[in-house]
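Next up: some structures, all given as structure tokens.
Note that chain A is present in both complexes that follow, paired respectively with chain B and with chain C.
What follows is the complex of A and B.
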């Protein structure tokens, strides 16, 4: 794109729209494959998608993308116009998907700020091959039926004799002659010439022109470019009027010459009428029946939403600062309180509204899985159907970004390891095709995503023996519940599948899933019945930006602990503390021993309260592991807006156990404890701050 | 300032057109994402000139052009076309499109076409 208007919003828009279109395209392809035929609507849609991408990418000067899109567009143009009977659907689908992948890959590059340098020529060659075979088949078929093949759009060849076809004597008989030259780069000179003729009909008749075949032959473009467009016509207007008419009504006019001759008597050239007939035939072509299902939406940069969310967070905090202002204590303020309630109501509603803007439905993420299942089952020779339930469920945009990788991994696992071959399935009296269900639903403030397959299920014995070998079992085997056994597969470095296939088992295991889901405050649990299938449930909060937390105090510092990780809080006695051989403090609760951590020691905070009995204990857990935290006192439960720790603190030193900070209603800063990280760092060895 | 109505299903294209036109002293009267809305907006906004995409869902540009011309025979409509859509441009021209421009186009060309069409 020329420099004048190549700036970021344009690129953003281009990428946004292209990615959306490609997703839409993939979706239609998957549906087509299911119904096993290309309907008129779907052909139209693919044509239109490719058409749009072609134009936009050409505007942005991504020629490689534009070329691919153009080639596919040509292919679908042919399909739409000729409606060939014999289509190799499978091949066609592969080609389209491959092109979609190419475009996706290139846009990814652009997003990452790299050059879009993918070479699509090999792919284009294949598409063209496919198209020419299709054309050959089609014309053969038509010929067999005794029908002549209809004209193709391909008019690359330049006809050599197009200028010779004119009958010169006819041409010379008109009373006016004009030679028109168009500006360079105006494109489609032949159509422009036609436009001139069309306009000229208002004031002239018996028009003939050279080159004659401007409609059917694109070779005429070159002739017009080199020799100009010659027109001869009859008109009763004066020379001046015609001169004015041409200079006014011809767009991209570079120069023209107009001559008046006095002769009369001429022959109407038949070209015109024929053209009209041609066009009338073509009028039938595009009668759109397809109804777009796109919603009327606007796209907003996520950063702006983040900013808005931030501001609303600040607003909530300032509101608390005003309403809970210590200066107000003891005053009778009826009117103030009335207005304050109103303010509180509105900020609450505003917060909900902003949150809902950030909510995105899971459908795009879910739909992407269709493609994975399709590609994999084809390669592995399995027959698998993917059922999507509750894809309209909405979650925060941030969460979506975090779950697509884990979801993909889980789906791959199910396809690769879960679902058996159809022979095995037949032998087991199961339906020949496997089913994977991907379900999303709301439950309280959480979203559940369930991935279920009807495959072979998990083998408890092999998990146990592997766990034994790796020394993962920490308690007597007979006490392990099924869930606990299954959860071994989520531990780092655990994989029961010895061999590595193309799709899964590349060393990135379930532990990555657990980690990713854990990073957004979610949990993973597994249910399975051997021989019948496995269900994996991901439980995640609806949003990340605002969390329910318990605020505790140590010395003059405040800490916020996410409610989701608190198991209980209690008062302990000094005597409950046990010191292990390494000098670490432990506490015994209901026969279980937990590590006890004094926050003031951990973070070097000055406090008066050092006796266990004077303060309070908070048992927090993550991933099934729990520790007890000792603090001075509990301040209370409140919703907090998470803010990142300032960069200079993060860059200075990696501080373990903190995920961010927040502002409390009274203006104090509270640090948000990252329980998972805290536990890990304790396991890695007593940390030193 | 001359008012332009942009009819195109691609948001990217609408943005591109809008930027170029605003920069060159046109006023954007409105935008429409398909031919159907385009016809309605034409009635409502009475723009001086329309840029009309050809391939659009629900109602294509040629169809919209024809409809607009039934109630406003003097409508100034410029088709925005891609290479390879020659038959549709012919049809549009027959149906009264004032001119057309081929994507990808250059800024100066677009401005020229619109300026000239407005002078017609």
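What follows is the complex of A and C.
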């Protein structure tokens, strides 16, 4: 079964669900650790998660996963039912996280189509050990409690939330049951019973009685006469006190029986109800919080969304085909145009709606970082806090997939290299705990993600010397700006950290980060102040699917240039062109000199327009570098749906300066220029003009 | 369930097994297995894509799908020929990758049983030979059976190095 992942919707569902549950579990555990106590809610949640995983994995015949989940479930069942006081929170968290890791690992195996064959018996043994130790501790504690209940409260060092306090008093109270018989002929038995209850309220709690509707129902008189009046209640008074209380306070008392009960079913039920009510109340309070982070209401296969996106793209194109149909030229069509505008509005809205479906908040990705920071800081013995800002920022699903790894890497770098040990920090007059801030925000059509730490910062000198050794410096050193120096660390094989640690320092990493971010059209920039910290900014487009672009024409070919990268377009005169000794063309604009690129020469396209004055110049920029592109004419501005070049061409070779293609309104295909790639290719001389 | 799907696949392939689409390049008759063929269309306006080997003429817009097209003549290092109204594009799907093959004209769909197919001679340095999977005998004629996967995947080292 596990060999056939994609064909099995059940397995698909299982994997999806398990991954989500584990993620949720991790998140709540991290939260618990921060507040340092296992609340009833969290115990219930973990119990529920493990219970679900247990049953679903058992159903799918993944025995190892099911066993682990079952053991954890047992552990939390004990925690939930017995509410032991002495919990080794740290140990418990470790165990749960380890189990979560195990399950995650096994699920990964299943996803990859391998057999889930991990052996969890060692882990299970440890969980069981922990549980039995917990049980032993707890029973001892109970015994102590029995001896000196009042003292126990004082020694109770763990801060308890209110619900636990109620439970504590529950524990100290005894349960009683009383059956009261009134004297025959005393009349109005129901009212007397009511008085008894009223009196009892002074000394007892949780009073319940049979018959229940003593006042409203006259029939209850008969019942009380015949069967007696049954009361069960809780009180912290002793048996003797209760006995005395009843015999003194009940008038017309014929006889009564009083029992002390340990914990009968009825009582259990009522406390359970109480708990559940508490829980519900709490959930109600917490609800607004959850709304912002967990909005997963429906889960849809991404491929379906891609398909929908494609279709909407097609629709937009066909709409343009209809509305700009050459057959309409010269006709006066007032009504048609009115309807056309309406259609245009609707397709526009549809497009926005589809785009918004694909937008996912960054919170899940950000939350995952908590775990990394926790694990690493623990292992490295550093005290680090992770602050998340703007995690509700939404980006396209594709982008989320691309940034998860780079983010993880950057966070690891910050924890490992950035933040110093607490001794060093103390010596430097910094707060003992390090802070890493992970911030996301929108800025125009881009999303910025900033990873900032208040650690030691980058050492310019050591970067420079390393760069010198590797022969990476191609400019006079005094001309290098800070940013350029820092950007050396993004090159392949560059690591300033001398020793390699478990987490980072191998020199593979920053270049991968740059590559991954670059692959989705983003950029990485680094700011740092030595001794104060480093900030790394990832700048990415909001979406990959649709861009605003300017379409230009050269010969018979169309090219689309993203509007974001266009600085200006202008007509140039032949005399504006300067030719250097190697035949490279340049153009002088407002005292600045730019490389001029003739698109037809660059890509070997046949065109009639070769005079600079006949065509147009488009100044494009990326990363602060600008070049001028010469084309025949500008067709116009248009929103285009980016399509990748067909697989065959992608397999054949990577075409420099092109990021994809798109369909124009008239059915023509236009190639999308990748300005960044174009400029770097030209700079590195990989492309000849 | 998966078994069912597999079964269906089997029967689907069964009906297509031994069937070939034949086309002409000059005087030679070629055949490709029908299971690769998605559709046949007439000549379309082609958008050139720079930096590709000469035999990849560019991309076409096939009802919103963007499909690269390859001139089979150029691929086999034959002389190119002016496209006319007999020129056709055969769109094939090999392992999920679409490609249009430009051919002189399409003839017919025929059945060639396995026993009528012989492997090509091993000693033959002709450029097109490596793309030939077998030679099918149909009556007195022979059809050269193309290996679609090779046409697609074998990189023409020479052509690419020329560009660079």
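One rule holds in what follows: the second predicted complex is superposed on the first by the 424 of 689 C-alpha atoms of A that agree within 3 Å, B and C clash if a C-alpha of one lies under 4 Å from a C-alpha of the other, contacts with A are read in each partner's own complex, and residues count from 1 in each chain.
The criterion applied here is as follows: a contact is a pair of C-beta atoms (placed from the backbone, for glycine too) under 8 Å apart; a residue touches a chain by one contact, two chains touch by 3 or more.
Please read these numbers as outputs of a predicted model, since none were measured by experiment.
Judged by the touch definition given at the top, the superposed model places A:48 against chain B, while chain C stays out of reach. In the superposed pair of complexes, A:102 makes contact with neither chain B nor chain C. In the superposed model, A:557 makes contact with chain C only, not with chain B.
Once chain A of one complex is fitted onto chain A of the other, the partner contacts of A:647 are limited to chain C, with no touch recorded for chain B. By the touch criterion defined above, A:181 lies against neither chain B nor chain C after alignment on the C-alpha atoms of chain A. When the two complexes are overlaid on their common chain A, residue A:130 makes contact with neither chain B nor chain C. Contact with chain C, but none with chain B, is seen for A:605 once the two complexes are overlaid on the shared chain.
In the superposed three-chain model, the partner touching more residues of chain A is B, compared with the other of chain B and chain C. Chain A residues in contact with chain B (one complex) as well as with chain C (other complex) are 4. Chain C makes touch with chain A in their complex at residues 1-2, 5, 45, 47-53, 56, 59-61, 64, 66-68, 96-99, 152-153, 155, 160. Of all residues in chain B, those touching chain A in their complex are 9-13, 15-16, 19-20, 23, 34, 55-60, 62-63, 81-84, 86-91, 93-94, 97-107, 109, 112-113, 116-117, 119-120. On chain A, the positions that touch chain C within their shared complex are 4, 7-8, 310, 313-314, 317, 556-558, 602-605, 643, 645-649, 651-653, 655-656, 658, 661, 663, 667-671.
Residue ranges of chain A in contact with chain B, taken from their complex: 1-2, 4-5, 9-10, 13-14, 16-18, 47-48, 51-52, 54-56, 58-59, 61, 70, 73-74, 77, 153, 185-188, 190-191, 194-195, 198, 215, 218, 248-249, 251-252, 275-276, 279, 282-283, 285-286, 288, 290-292, 299.
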